[in-house]
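There are two complexes below, and they share chain A, which is joined by chain B in the first and by chain C in the second.
Now for the complex of A and B:
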């Protein structure tokens, strides 16, 4: 009888890069039955899912629009995770940034964009940091598990926003609970006319580049990684573990806050309750897919942006329920994550 | 009549032979100690008996019949029960429920019936437990008794206890020993894994000593002494002592006074330790493991806050200082746990500069060329078999230790703390580490060597202190130290009680 055993062995680096490509045929096999059930041609569906978004200029730009907040939430989560701080609260910190953006947009009447835009960025970053401060302090002072606190605060801020939008900030003209339109001087300018791609995309790319520089090239980044990979050894090397984690947590919150500002100032121009809809949670997936490496995070965010766009394209073009797109998208993500785990194992004849 | 016979047991892990042709037999109604230092192969042998490991060679006989034990299930079938160091109880269930788990019974459970049964067993065996209490509300000692009862409740005739007293306070040790004596009267046999001499001498009938995976011998308690056991545990009759050249007193560099600290279980681990180390000398701290050495090393490395006492380096008070402050003051440390000293997933080059990043960066930006150059230099000087960008994880223990030495000694520290610096290293690496420590001594550093390897202490130290249950039993010059004296001190006798008029001892 042939016997096999499973061994753990690290995969070569190029493996990581081709896994999203391998995931596509596997997902195709897994979801074909669903698509047939919905009377859709699976091959056609996959064309719309992955190729169509890139085949026209308009939809390719839309992929970048979708990727903009994801680049930032992915960067935020990757930064905290690198220091071993498990920030699950990018969602809430994004909302905090969005609140700051909406508020600045209300009070900065007639401001010049030269002042308004930097203030928006600064405000969003600060708000995200403040929302990240409470769990971070609880973690370093009292050793309270940050996974729980950051996660729970996500719900808290949703209710806080609901209060503001149904109360003091409610736009009297609108029938929906939303804040008044922000001042033109605080709106992020468009990168391409008549598209939705805005200045936030440049911010996101710049943040990722900066994060790469900090993590790979600075003393602080090396301390952060040491704390993330071995707290005891880091402490033994004289690194201030708590201070490093606190800084990483706050910067992470700040970056997530920038994503919130971008959505307000570049896309919606006012605050609505559903402004995020899971962008912060996607950030966790993106940070993991990208291996906490800013370059990987960038690619992962673009990949998720692509299948986000694709999910909409499929349902529109083939007249299948929009949920089918979501199912395919979720399967693709699960398969990709699964392959990332499996790449570290080899089957050998024993 | 022996109930268990293990004959010619061999177990290899890759290049390491954990058990080398070991014979072991257990009589009915005896408490039999398996004694040896950490890594001597005691636990391996018992894991083989309980079916957790499989022997490469040798056979096991139960009641004179050869048996094959492939799993704990087989062991239980053969009447063997084991309590490991890590308990396997469900904290949210009651004691009675834990004891019923995994046992065949009727589909519908009657909680009261179960509790009555547990109470009956508990009384019959003389092991007090509270059947209705939730396990998470129990003390460690109480949990251990539940484990013992669990092991016995499946009609075990042989009970294996792996270092049962390591986690207990003295009162709980007494309760455990009472229970064990009761079991002996019932005709059960107990195998007691330990490295603590006094308790072995208290509770056991026979003692089997293992060293470096080999059998040293089996002796009856009535025919031996703690000193002889200590000698059997740690090695040769005559130590290969390399006497140090004489040196002049040069004034104390490291002074420790009345140092106290808590161990990981919250029990006091250091109870007022005091000593000083002069420039250009090595002070060895000997002792059987688990007597406070780990905590002493961690306190002096700044990794554990002392709960009392003082630490002075070159007359500067550093009590309660962190690792960075100690390094600043000229203390270099080699921690007991190599994996807690280096970041496994970072490279050799990164680890070599991790504690001095300010010196390798300008304006916060790393100077990568200098970090690489630094790594090349130390790799060459310490003959580390690795390249600068290899992750530490890929290095052998000896090469990891060299990285730690390079990082700490490169700053020419005034005081060197070396905790178990050669544990688990091969001969070549061991010699290398020892020669480095002697080099530090020659250069005028004060070296504190904490080691369970008595050979090592006798070969390197100028003066030897023995630690027992968190206190020093005395300090004596290496020339005056004999194995007998050290052995007695390791079992808790103070130097004064052994030699009423202590010889010249400038400690």
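Now for the complex of A and C:
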């Protein structure tokens, strides 16, 4: 086996900041193996992957489109994780928000956008919160581990949606397993004409800014981070740990719900089963890459949005399977996790 | 009615097989103190490596071997991250799941190209130890891997409770500090447990592609890894109880499929979500009495 040991030794401040950035070159070095396997010239591939998407207006906007739900799920996960509540359920909470959006889009016939859009946001937030409520209550009341409950509820809501889409909500016109198209008054308006970039992007940026304010500038944010650093110590300092965690969990679910509403009201205009396909799990990656800091989360979400777009570009241009994007994302996460250890520990030869 | 029940029972065993293998794999990891959420991805890469190995070499057994090998690589990566580096277990596990999902789909596309007709192979033959006996004959006509999975349940119990190795696994999962003080190598034991767990998960994945489907598809695993995570809790971390949970889930899944083909109007999606809901209820009712390994999710660092 590998012979090394790990000693507690905090790295100097300048290195702490550089370590997460180191993960990017290390990741691309590792994923070069996959490119060589696919018979692709790595430099050319990385050009298509990272630079080509930003060099045209259309694809640069598409990066922001891809980043919109990721900004929100990243913000959602980072908020819960900051308070030491391991919400693995952003995926399910996003679906809950999407369900609320589809339902409101069905019942709000002929509504004015001035009322429809705020109602959609409110509905999505509430639905995400409600889906997060069950595991959060189980955690604070009965000490039931939230990792497993939030994870399992992700599967439950996918079945629930499948039931609705094949039954009561099935689109009567197309008969596809999708809900009817939402009312025009509930659709998020476009930020740039003839693109897919919609109002949800502004919501996402606003949520992140607000999250930064709450976490860094309010007493509640201080309490949250204290709980996240150590529940026993926080309790000893007189902080109501359970109430803090419950609030963090519910707000986190609400933010993930907003991501779901955005996908319905800004991109698809109806609910489909594959509306997320892992956006909630990507939120966990993004929150981790961003070091749970809203600014870092924002940058990480944009970067993952770039990788998602770049994977499509490189796949079209060089016939490399599009799943390269998933491989790069996962490798980036694992490498970052490994490197984070260097922030507080020193690795010595065993 | 008779063929219906016989078919149902046979299908239940078939559906339960990968769940038993995967859950026992997860049991080894969790008993050593590591929650391995990489299971979903490890099942997926097992299904892929099994299929690719079999298709390229022409031997189903070499395919199975490849799946076991990839499962162990997955276990080793999990060990490197969570055991040696002490990184957050659930984020590492989810990261591995994402990695193996991307890896398998990427590799499948490279090896088999993009064809209209997905490539397929002949699956394992079933064995029928009871020949043509009524009831017993058709129900017992199963794959060898199914018999292996069933035999593995008492074997796992025996390893965990009757061998020095099993005692060590339980010791590092309950109290790694004490285990270390007693002279055990916590890192090595946890790594070994993850390797065994990974091998079983790889096998579970291979069962899906080599015995059940004869192909590799995007939805081949479809959340079975998460079912295993639920079954562990349902079984209260006891090998002997894994069987009942797996059979119950296999039974419900096979029954809904059969009722559907009979044309019965049932909310089968809701039926399928029952195992998850039952698990959450079980957790709720057991509350603080759940006997999860005491050091599950806690990294251990020798200071």
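Here is the rule we use: the second predicted complex is superposed on the first by the 286 of 350 C-alpha atoms of A that agree within 3 Å, B and C clash if a C-alpha of one lies under 4 Å from a C-alpha of the other, contacts with A are read in each partner's own complex, and residues count from 1 in each chain.
Operating definition for what follows: contacts are C-beta pairs under 8 Å (C-beta built on N, C-alpha and C of every residue); 3 or more make two chains touch, one makes a residue touch a chain.
This one's a predicted model, so the numbers in the text were calculated from it and none came from an experiment.
Chemist: In the superposed arrangement, which partner chain does A:219 touch: chain B (first), chain C (second), both, or neither?
Modeler: It touches chain B, and chain C stays clear.
Chemist: So in the superposed three-chain picture, is A:8 touching just chain B, just chain C, both, or none of them (first/second/both/neither)?
Modeler: After superposing on A, A:8 lies in contact with chain C but is clear of chain B.
Chemist: After superposition on the shared chain, which partner residues are touched by A:143: those of chain B (first), chain C (second), both, or neither?
Modeler: Once the two structures are laid over each other on A, A:143 reaches chain C alone.
Chemist: More residues of chain A are touched by which partner: chain B or chain C?
Modeler: Counting contacted residues of chain A, the larger count belongs to C.
Chemist: I'd like to know which partner A:238 touches here: chain B for first, chain C for second, both or neither.
Modeler: first
Chemist: Please indicate which partner A:22 is in contact with in the superposed arrangement: first for chain B, second for chain C, both, or neither.
Modeler: neither
Chemist: Kindly classify A:331 by the partners it touches after superposition: chain B alone (first), chain C alone (second), both, or neither?
Modeler: A:331 contacts chain C only, not chain B.
Chemist: Touching A:288, do we find chain B (first), chain C (second), both, or neither?
Modeler: In the superposition, A:288 contacts chain C only.
Chemist: Which chain A residues are contacted by chain C in one complex and by chain B in the other?
Modeler: In the superposed arrangement, which is not itself an observed complex, chain A uses no residue for both chain B and chain C.
Chemist: Quick one: in the complex, what on chain B touches chain A?
Modeler: Residue list for chain B touching chain A: 301, 303, 322-325, 327, 333, 335, 337, 339-346, 350, 354-355, 357-358, 360-361, 364-366, 368.
Chemist: In the complex, go through chain A and note every residue touching chain B.
Modeler: So the residues of chain A touching chain B come out as 217-220, 222-223, 225-226, 229-230, 232-240.
Chemist: Report the residues of chain A in contact with chain C in the complex, numbered from low to high.
Modeler: 1-2, 4-8, 34, 37-38, 86, 88, 134, 138, 142-145, 147-149, 151-156, 159-160, 162-163, 166-167, 278, 281, 284-285, 288, 321, 323-327, 329-331, 333-334, 337-338, 340-341, 345
Chemist: Under the touch definition given earlier, write down the residues of chain C that touch chain A in their complex.
Modeler: Of all residues in chain C, those touching chain A are 35, 37, 77, 80-81, 84-88, 90-92, 94-96, 98-99, 101-103, 105-106, 109-110, 187-188, 191, 223, 226, 229-230, 233, 267, 269-270, 272-273, 276-277, 279-280, 283-284, 287-288, 290, 292, 297, 301-303.
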